[in-house]
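Several structures are given next for inspection.
Across the two complexes that follow, chain A remains constant while its partner is chain B and subsequently chain C.
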Partner chain A sequence: MNRREALFSLGAAAASTGLAATGRAAEIKGMPEATQMSADHLPVPARQGGAFRVLTDETDQKTLAAVFDRLIPADGNGPSATEAGCLDFVDDQLSRDYGAGKALYLEGPLNRENEEAIMGSPQFLATPRERYAAGLKALDAYAQKTDGAAFHALSPGRIDEILTGLEAGEIDLGADVNGQAFFELMLQNVREGYLADPLYGGNRDMAGWKMIGFPGARYDYRPYIDRRGEDLALAPVSLIPQD
Partner chain B sequence: MANERPKADVVIVGLGWAGSVMAEELTRAGLNVVAIERGAWRDTSTDFPPAVDPDELRWHTRRELLQPMSVETTTFRNTSAQTAAPVRNWNAFQFGWNVGGAGTHWAGMSWRFLPWDFEVAGRTAERYGQAKLDGLMAEGLMLQDWGVTYEEMAPFYDRFERIAGTSGKAGNLNGQAMPGGNVFEGPRERDYPTPELKDTHWMRMYRETAEGMGYHPFTIPAGNISQAYVNPLGVAMGPCTYCGFCDFHGCGNFSKSSPQACILPALMRRPNFTVLTETEVLHAVKHEDGKTVTGVKFVTRDGQEGFQPADIVCITAYQMDNVRLMLLSGIGEQYDPVSQQGTVGRNYSYQTCSSVTGFFSGAKMNPFIGGGALGVQIDDFNGDNFDHAELDFIGGAGIMGYSTNGRPIANMNGIRPGSKRWGSEWKEAYARDYQEVANIFCQGTSMPARDAYLSLDPTYTDRHGQPLLRLTFDWNRNDKSMIEHATGKAIEIMKEAGGEDLMVDNQAEASWNPYKQHSSHTIGGLVMGADPATSALNPYLQSWDCHNVFSVGASAFPNNGGYNPTLTVGALAVRAARAIHETYVNNPGPLVEA
Partner chain C sequence: MANWKKIGTGVAVLAVIAAAGAGGWAWTKLNTSRSSVADDSVALADFKADPEAAARGEYVMRLGDCAACHTKGQGDFAGGYEIHTPFGMLVSSNITPDRETGIGAMTERDFFDAMRHGRGSEGMLYPAMPYTDYAKLSDADMHDLWAYMSTVVPVSNEIDENGGMAFPYNIRLAMAGWNMLFFDNSGFSPDASQSAEWNRGAYIVEGPGHCSACHTPRNALGAEIGAAHMQGAEVDGWHAPEITSNPHVGLGGSSLEDVARYLQTGSDGVAFAAGPMAEAVEDSTQYLSDEDAMAVATYLMSLPGSEARASAPMALNASAALAYEVNCSACHGLEGEGIDGLAPGFAGNGALLSDSTTNPVRALLTGARAAHTGVLPTGAGMPSFAWKMNDAQIAEVLDFIRNSWGNSAAPVKVEDVASLREALGAREKIAAPE
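Up next is the complex of A and B:
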């Protein structure tokens, strides 16, 4: 088994890990001599192939793909978001601790108005997974209402118009979905997918890194630091070998 | 209690930098020490080797080395008139969640505070007259000295630098100014353990520009060390490789100063040391005499409660948790901003910051060549290094040109002003600006104010049902004036360097909130001082209220310097530990008469 295969088989085995579930003795005397990786710090690659785990509804998939490919369209600077794997990336992320909001403080009460005023942005008890489920349905319903068509069937120009309205907080997606905050969530995640290590299913062929000239998971620039201001033309490397 | 452990001489609550330093001193002196840490055991080769560490999404974006809010968060409001809300998502605070604490994932900037920072009240009156000090106090500031001077702290700073392997160049050797170092620093007895780091392209541009303007640029002292080094504990460190995955990450090279890289290999081998991991201290237990504590109550990962008896309790958790643990233990009196009585929770302050971003057409900054503490700074406008006689504020800011990282997700909005954040326009902008952007950061002092304080929240609780800590804070007028002044200087430098399309983010222009900060530096709430009416701890970090309780952290700072806090935390830990094993254990009682 090569390193790539090994990583992916680990990823399949390691389901969402609990918080700091190391399985080690709580009382430690002496220097632990073990040198094998802690199970919960091994790389967790995106699951390969198979059906979507969270974005199981076909309309939701199409709606999000339509949004993502306007947020990051294909052009001279690289492939589109979906071509780069961002839909696989976000589905995998939503299926894990991130999607479940495992790190978040989700205890009530939530006084929306007060929390938004104090924190300067809307606050939620919903997890990212729940916010996507509600947001994608609301987006499609909005398109059906205003344009009489599915969101993913709208023209690129019309989608841009809606995204611009969402970004500015000028489009109301109903009482349950804050359109502006949902726009920010999608924009954050799609760019994460485009720029994170390909380990996570996006940034296919390191297209996002090539776009900006980021050399990736290198770990030693001592040979280069004195070459100040030069175009170093370093090819990017990933934590996993490429296909 | 069912699960009562054998008595220890000392129990350490929180095994980060402060706890590790104290445990090392105390075990070396022969005391039997038990440390209790709520995070897991983490080490270089098992948890963040080079094949795992350069992963921005996991460690920086998702912050998987940090303590999640679901474990414990804070609540926040700007004023006492508001109802505080819980901080639900990742935010300014970066609490540790492992053995090593925040010392594992920190950036590494390794500053001594200025002599002035320890005596802001006394020196302001001395240089500018009592009327200036009185005026600031009447306005609501709560300026007070630390009860310890820089001269007294210098040997402890030196000790911590030797343990950490700090890289840098002296600017003041025994009172003699050393060109190329920070000529504004307090006197040091000897040079840094390892030489300063190298310049990136932007650092060299910044250095030459600042020098040309008559300022005194120097390389920031760094806990990303420049060459192989063996510290006084016999622990070996390796050279920094400028990998750019430093803050929020572990270090796979043994080159970031951290408890893992500097202390634990020696400490763990001592037979009189034990650590309980994934075990959280709920509170200290007071003796019926009211003047001491008998130990600490804890809960394990599996929910088993227990008791660790000890003669001495050292509370060395993160700043917020030190204050919270004292309040949950009923040690000392909660500060009340109306009556100004009580000492626990007072003198909370932050770090007053701004940034200036500029763009350099056609440049190749190569921002991926970076280090957490890699940068060039001027201190010409920090502390009291410049004349404040005609200014309406005290304090100042370090102004740095830095090269910490080129992580692509973190920098994705570092594009010329007016550019869209999405679509082909974003791609075009980011493809161009990734190499052309450079930043200056102003890291300023923060002065304590009457209305800024910490207390327990009446509504929200943590996973164990204990109240969260509530923060009431907003920028004060003095600090706003200070950072405006410093930001003006930074803008001049950026323009002089040739930066165009400037973006200025003065954080004090809007009300403070935990989602907007560039800095994570949170201080005060359990401050040291010579006067028990205005401090919770005496100058040896010993509680005025329970003499066998000591607490070390940035929580002990009565005001913030224009610097990162870690080196001062480490130096205070050495000082407190030595006071314990050299004096306190021989004759337990208050080290200073109230």
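Up next is the complex of A and C:
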């Protein structure tokens, strides 16, 4: 397809889209009475009932828990990542659209040459669910190979070494896994689990919000806007308050 | 929408009473002779109206809010509004001048008989049609309304008004019995001891405005309870609040100007019309002239109120204050002051303090839409909180609203929230992880 044909087909596509949209449009008269939120617009809480849906392999669970609890360990500032429910959060997200990569373009480029340079970061055709499955297996295999033990059985110091090496891109987890990118994926997800609203399964008891002093899902801060430099001691509020 | 639309009630019993009803008493109730002032020769479809009379008649139509029931997506005044009663379904009639399916074949006398005496072309009307109030309409207003109706575009729309009523409630003659018991067939008689303004207000309120149809509670047979006139009633899942001089839950704490402003715009700056009253404001009261709005206010604020009085405010939990601040204060204000023209204030909002908690509970469960009028066109929406608050949480935040900033009211019953949630089909609170 040359440039002229490409432009022509784009124009035709735009025209047909326009027509189709016109045909579907519904005319709204008067004032819409409904003030209930459509089900599509409501938050979807984490499933409850304990059992893991994606991280069903016990070794995978332990490997990820070991990573998470070194990234956010329990200390005087708050509970560890797994104590705050981050494993449940990630498992729930991986079981949904996020895990299936619904928001990602997964058809692949026509030409892989220079892809990373153009996009500015590594690109994957695998879904997050597939990347966790491959990454956790590769991480445990790496520990077995280098230390002769399961990853989760390693000392905190050794785990930190491996994580530091992954982050720096110095540890090779094999041809199928980009170790540096997998580290970043886990770091991103553990932060999300620790700081997202508790309704999504993590941030249990709003521990993450209490740690950083975030007041949560409040609608309006006008009463406080003039109180600069003061500890407002605002209690955090979940979008779906428990009490 | 309104409870008088549901009143097809208790009529079978009354068929028997109708048969037993006797003599001069029945004659008084069913006598239509005062409507003999109307012409009985020219049909509506053939009537040529004087434009000035028709223009005055349009105002009478607004006062009577005919469109509320007779316009429902099938053409202006073409009927089709379904009214669900415990005895079956009534459908509002086609009142366009169409000769076959509307009222085009009626004479002015037939029109007077239907409007003021409940005598339709097909037999007795059901009191879902407020002829019980329209009986007070003056001859002059009736002539003008007739002139206006002749200018309405005829729409062919066949309506089977009582085909959905089960036997024996589909027998229109039963209404004769109801009328004998409950229908005051007399016209409006001014009270000489009151001002002209008061009398004008009384005429509008008790006649065309048919306010008491919603705001007065009814007995088991669907007739208004005179001793509780305008003292508030449950209407189709809403509470029509008390609109008397009562200073706690009625209009006693408002000024005449506030009440007039509410009628003409949908809000007095604190309370907003929503639900069925929003429809009444949009279709009817926003068209009131300044003089008539003040007259209506004058009359309503002279009415004797119920016994409801302020009590000591209940004790409140800190969690209730937090729930109010987090969920409500952005629009309704930290001091319950609301936003003028946009969101209701709660401080001193008597309609909120009634023992009936239907309206505020309903607003939280399903949300609500303010009336949109010429002056206040926004029609701001209150969103539903059913998805994020359970029954106890709704009761708690309402207790806070009803007992802060000088307000006082009885505790909201959690079981009332639960039953309304079920009745309205509002969703349950989202089940978040513990």
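One rule holds for everything that comes next: the second predicted complex is superposed on the first by the 203 of 243 C-alpha atoms of A that agree within 3 Å, B and C clash if a C-alpha of one lies under 4 Å from a C-alpha of the other, contacts with A are read in each partner's own complex, and residues count from 1 in each chain.
The working rule: a contact is a pair of C-beta atoms (placed from the backbone, for glycine too) under 8 Å apart; a residue touches a chain by one contact, two chains touch by 3 or more.
Only a predicted model underlies this, so the values are computations on that prediction, with no experimental measurement involved.
With chain A as the common reference, the superposed partners chain B and chain C fit together side by side. In the overlay built on the shared chain, the residue A:Gln61 is in contact with neither chain B nor chain C. In the superposed model, A:Glu107 makes contact with chain B only, not with chain C. Using the contact criterion defined above for the overlaid structures, shared-chain residue A:Asp88 touches chain C, although it does not reach chain B.
Judged by the touch definition given at the top, the superposed model places A:Phe124 against chain B, while chain C stays out of reach. Of the two partner chains, chain B is the only one that A:Gly213 touches; chain C does not reach it. Touched residues of chain A, counted separately for chain B and chain C, are more numerous for B. Of the two partner chains placed around the shared chain by superposition, chain B and chain C are both touched by A:Leu42. Once both complexes are placed on a shared chain A, the shortest Cα to Cα gap between chain B and chain C comes to 5 Å. The residues of chain A shared by its contacts with chain B and with chain C are 31, 34-37, 42-43, 199, 217-220, 222, 239. Across the complex, chain C is touched by residues 31, 33-37, 42-43, 45-46, 48, 85, 88, 198-199, 201, 204, 217-220, 222-223, 235, 237-243 of chain A.
Of all residues in chain C, those touching chain A in their complex are 319, 322-323, 325-327, 329-330, 334, 366-369, 372, 379, 381-384, 386-389, 393, 426-427, 429-434. Partner chain B is touched in their complex by these residues of chain A: 19-20, 22, 24, 26-32, 34-38, 41-44, 70-73, 75, 77-78, 98, 102-107, 109, 111, 114-115, 118-121, 123-124, 160, 163, 187, 191-192, 195-197, 199-200, 208-209, 211-222, 224-226, 228-232, 239.
Chain B contributes residues 39-43, 45-58, 61-63, 68-71, 73, 76-78, 82-90, 97-98, 198-201, 204, 239, 241-245, 252-253, 264-265, 268-269, 271, 273-279, 300-301, 363-366, 368-369, 406, 408-409, 412, 421-424, 426-428, 430-431, 434-435, 459-461, 510, 513-516 to its touches with chain A in the complex.
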